[in-house]
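In the two complexes that follow, subunit A is the common piece, with subunit B as its partner first and subunit C second.
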Partner chain A sequence: MASANAKASPLTGGKLKLMICDDSNIIRRKIERELQIERLQVIATAANGKLAVEAFRKDPADVVTMDITMPEMDGIECVENLVKIKPDVLILIISALSDKATAIEALKKGANGFLCKPFTDRQLTEALEELLRGAGNDD
Partner chain B sequence: MMTKVELETFVEGTTHYFATAANQPASVGSPYIVQEGKPTIQEFTGMISIAGKRRGIVYFTASRPMLTVMLMRMGETELTQENMCDLVGEVANTISGNARRDFGKDFMISVPTVVAGEPEKIVTPDNIRSFVIPINWRSHSAQLVVCLE
Partner chain C sequence: MGILDLGRYKGIVFAITGFLVFIAIILAVNHGKAGGFSDNVAGVRFLENQAVLPHAVYDASVQLAQRLQNGEKVDDALESLRKAATTFDRSLNSLANGGMITDSSGDIIVLPSMTEPEAVAQLKNGSKLWDGYKAKLDPILRFSGSPYVTAQPAPAPAPAPAPAANGKNAAPAVAAPPPAAPTIQLSPRGRRLQTALTDLTQYGNTVHGQLSKVLTDLSIQVEANSRKQTDTLRYIQVGGMAAALLLLGAIFLFFTRNLRKEEASANRQRKETQDILRTVNEGLFLLDKDLKLGSERSMALNNIFRREEFLDLTFDKLLKDIVPEKTLRTAMDYVALLWGERVNEKLVKTINPLNEVEVHFDNPAGGFDTHFLEFDFNRVKSEGSLSHLLVTVNDVTKRVMLSRELQESQEKAQAQLDLLLRILHVEPDSLTSFLTDADVSLKMVNSILKEPAREESAFRAKIDGIYRQVHAVKGEAAALGLKTVEQRAHAFEESLNDLKGRQSLSGSDFLPLVVKLDDLFNHLAQVREMLSRLVDLHHAIATRRTAGSEVGAEKVDQWLAGQDQTQITKAIIPPPDLGETTGAVGGLERTLEDLAARVASSQSKQVNLRCAGLEGVPESYRRAVKDITIQLVRNAVVHGIEEPGERAKANKAAAGALAVEFTPRGTDGYELIVQDDGRGLQLERIKEVAVERGLITPAQAALLDPRQTMALIFRPGFSTADRVTTDAGRGAGMDLVRILVAELGGRVGLASAGGKFSKFKIWLPATQSAVAA
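Moving on to the complex of A and B:
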């Protein structure tokens, strides 16, 4: 699995910093490749919750996409940690766990939205746009 | 022993995965029981251990040519062995995770274990029957194997 990859993030023009956390390399690359929202710029990717927290401490993202089932630290625990560091971070859970209880637990811990895997490009864009609208960050 | 309704959850999950993630529907056949020996293992296998209210394993097994085309259909340009291992794990993880919609949160799934070749590393419990769900996609065939108490 790839490791966390925190890059420097000198963002301009009101762009929002995005971190992608998923233990699947192909899902991380898919989200990065299919991102169609100009205001979001990927600054870091992480293969598990622990690496995501490390990258987030160095450079807190504004928006995070978060898997749940991951080694080392799962997405629910990671959400709790990220919200402690930056309470206004926007977190979209992207997970195959499709039961209501999991979605509710993630939202209670501080996530702002839930997208179920598998997803299309359009569903990803719509979920991220809804997340930004909900936080008043739409254009 | 699994019920017909429970197996239908995995058939639907498999159908949904290919239509959505691989951008092309698969023909998913009726599940059958492995009568003798072990279920089929192809070149790449992604396996999920199930714990909680149900116990057992779920695995997805496919050939390199099929995974190559799947990755291409997903827009992936790096057709590496590493990404093929990643893909079989992700397919098994997604279908098993989606099954929680029907099985509930006590259907606890592990992170995927991936095996390239080495069929001896895939061990199904001797006391549980394995159901094979045949998948035909383009000119390729793969299997989802469900082995639950």
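Moving on to the complex of A and C:
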């Protein structure tokens, strides 16, 4: 089911499922509120990596925004788990740029892009659009 | 795509194909013509063969006539005649019928030349002759059976008269019959046969030669035709060869020219590329999957990386010696990410660890030069898959340095602005005192630094001495809120702490302190400069004020005095809450409260200041009242109010009470009272100081009564600013108070009870406006 969904995803225009994973309630709400891409539909939000993996197992999203520093399970480990469950999931790391090496670590585990906190609604939209476009181009 | 996609080779493939087709056509024509040639040879042979047939027919007819004459058997001779006649007839018919013949091997060959008009005419003529011949042959060929009668001897056949008449062609058919065989005679049919034969031989004697000639002529004609074809063939071959050579030459020329053109174009492109790579300011190179640098790269790289050799270099080797190990590792991870499929190139640019990376190049002097490089990576795709990474490198040292300088100067400007604002907040006298004290402290530090020292203990003593001075400056700066001064003093302290912590000390350890000291000196000079400008400004405006422009000058005066900060700060900070008291009186009260609190805090004392009636200070007295009250309040806190412990012993509240009251006395003017419940004036101490200062001799001091003693504090020189102390122990500015009051035409009264209180009572005359009112 998941792969069929993802196949339809990048450029074909079907609705895509988005999961937001961040330990900050403010950031989660901000992403949800400022999301201006009609094709993306928020299906889950999670306050840490562990909850995100659980939610993802039940209903795998097509696109995930992921914080790095979180309690219980951090973003790096979470990315690794999500990619194992669904290899073609698109993951955008959203984190403060204190340590580039950590961000690169998350990308090595399978994330697709990076957006630096703090971000504007426009930067968020552009990053997500680029994420979807990049997936389309790679095909 | 595929095998038919010939690309740039399309031209040459088409040209060679055309050439081969042309050769094939030539060969095919050749082959066709050569076939005709062999047909002609067969035809000539055939015609030559046929040319003897009329003779054969004639010979057979003569032989048959002879046989008949001799009474011999005629069957085989008749058969020979028949065969020869039939063969000739068939051949002639075939020739006449489009030139079809059958060669020796039985193949049917068509001789096209037989259809030519001349041949047709000849064949027609031949056919006509043959038709006549055939008419005469016909009865003979139809004969069968025996021409003889065997019952009775037959008379000798009459000699045929005709042959003699036939002239030279007369055959020997009528040779003399043999004398014997009387028993064999010609039957009537035989006689008719003989007659027909005679007729035939006579005709044939004339015609067979003509017929032979017809065929011989045809043969000659075919031969000539064949020769003509051979010639044509030769022409075609020569022409074909010439055309082939021409075509080949044309192709060669065409392709040579094209090759030259392409080569020129390739050379031009190569040169353009080289020009670009030589001229471009960015370092450009390609990285392959093994992270090896490509052979084509821009010359700027040599300058950027300070090396000439890039052959067989890998990216990590390029960076290894110039960036820290951790940065190199992160960079290699980042580059590896770009080679992967998952990462979106545009969405990882912000975490490029080589975005603005600090690098170090060894220099010949043995040190290193620091530069900042900016790397950018772009995926290069070829036929849909990632083939290289294009790396762009820029030396952004200047940019980074400029931005740092800009940031530093912005910070500096901000610090100066903060300092200025702070100075405006600080009560001017406090600031002057602080500057003077700090200057003395720092001079003392300087002299301590210069003191000779050899032993460890001497060094430690120096550190302690310096520490006390610097700490005092720091504490006072903090009390006044002069952050920038405090920070510098703090940094000085840190250096001292560092020295304190060392096991052993030497003279050179103190060198860095000189730099710090210099920094503090310079900074304090800046503060002094700023203050002096403000004072100059104040004086300039005060001078003009006397000329009339009172209101504006007054305002400047107010903000110089720290009473009305809105004037100077409104452009920089948000306007204060309108509900807050911002008036000049409120400003003075606040200044006095701040001052009392700050000085008390620095003296570890507690004080409650109560102000009354300050709002009634006339405009013309405001400045003087401010200066006076500040001086008296500070003196009260410093000298009058005791420390809480001491106060407790004296059964007083921990916080000293300090009151400032301004009261209008109608036409008698105004009364300003500053009173504290402290220890009162220390008369003995005042005498000591006065003696110390050289104001009086000890002998005079002994004669002074309390009233006279108290008056000493108003003497110029009693209060001096260059005392090596902080607020504590300083008695400054009472002569200033006396002068101010005297200038306004007022008086100062002083009352004090030891251990109980001090009370300054100042009378000021009524102002002109007050009198007018």
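Operating definition for what follows: the second predicted complex is superposed on the first by the 121 of 139 C-alpha atoms of A that agree within 3 Å, B and C clash if a C-alpha of one lies under 4 Å from a C-alpha of the other, contacts with A are read in each partner's own complex, and residues count from 1 in each chain.
Please note the rule applied: a contact is a pair of C-beta atoms (placed from the backbone, for glycine too) under 8 Å apart; a residue touches a chain by one contact, two chains touch by 3 or more.
Nothing here was measured: the structure is a model prediction, and the numbers come from that model.
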Simultaneous placement of subunit C and subunit B on subunit A, clash or fit: fit
Subunit B versus subunit C as contact partner of A:Asn112, first or second or both or neither: second
Partner chain(s) touched by A:Gly134 [first = subunit B, second = subunit C, both, neither]: second
Subunit B versus subunit C as contact partner of A:Leu92, first or second or both or neither: second
Which superposed partner A:Ala101 touches (first subunit B, second subunit C, both, neither): both
Subunit B versus subunit C as contact partner of A:Lys58, first or second or both or neither: neither
Touched partner set for A:Ile26, first subunit B, second subunit C, both or neither: first
Nearest Cα pair across subunit B and subunit C, whole Å: 7
Overlap of subunit C and subunit B interfaces on subunit A (superposed complexes): 97, 101, 116
Residues on subunit A engaged by subunit C in the complex (per definition of touch): 92, 97, 100-101, 103-105, 107-108, 110-116, 127, 130-131, 134-135, 138
Complex interface listing, subunit C residues touching subunit A: 326, 329-330, 333-334, 336-337, 341-348, 350-353
Touching residues on subunit A, where the partner in the complex is subunit B: 23-27, 29-30, 33-34, 69-71, 95-99, 101-102, 116-120
Residue ranges of subunit B touching subunit A (in the complex, touch as defined): 16-17, 20-21, 71, 74-76, 78, 82-83, 86-87, 89-90, 93-98, 100-101, 103-105, 107, 109-111
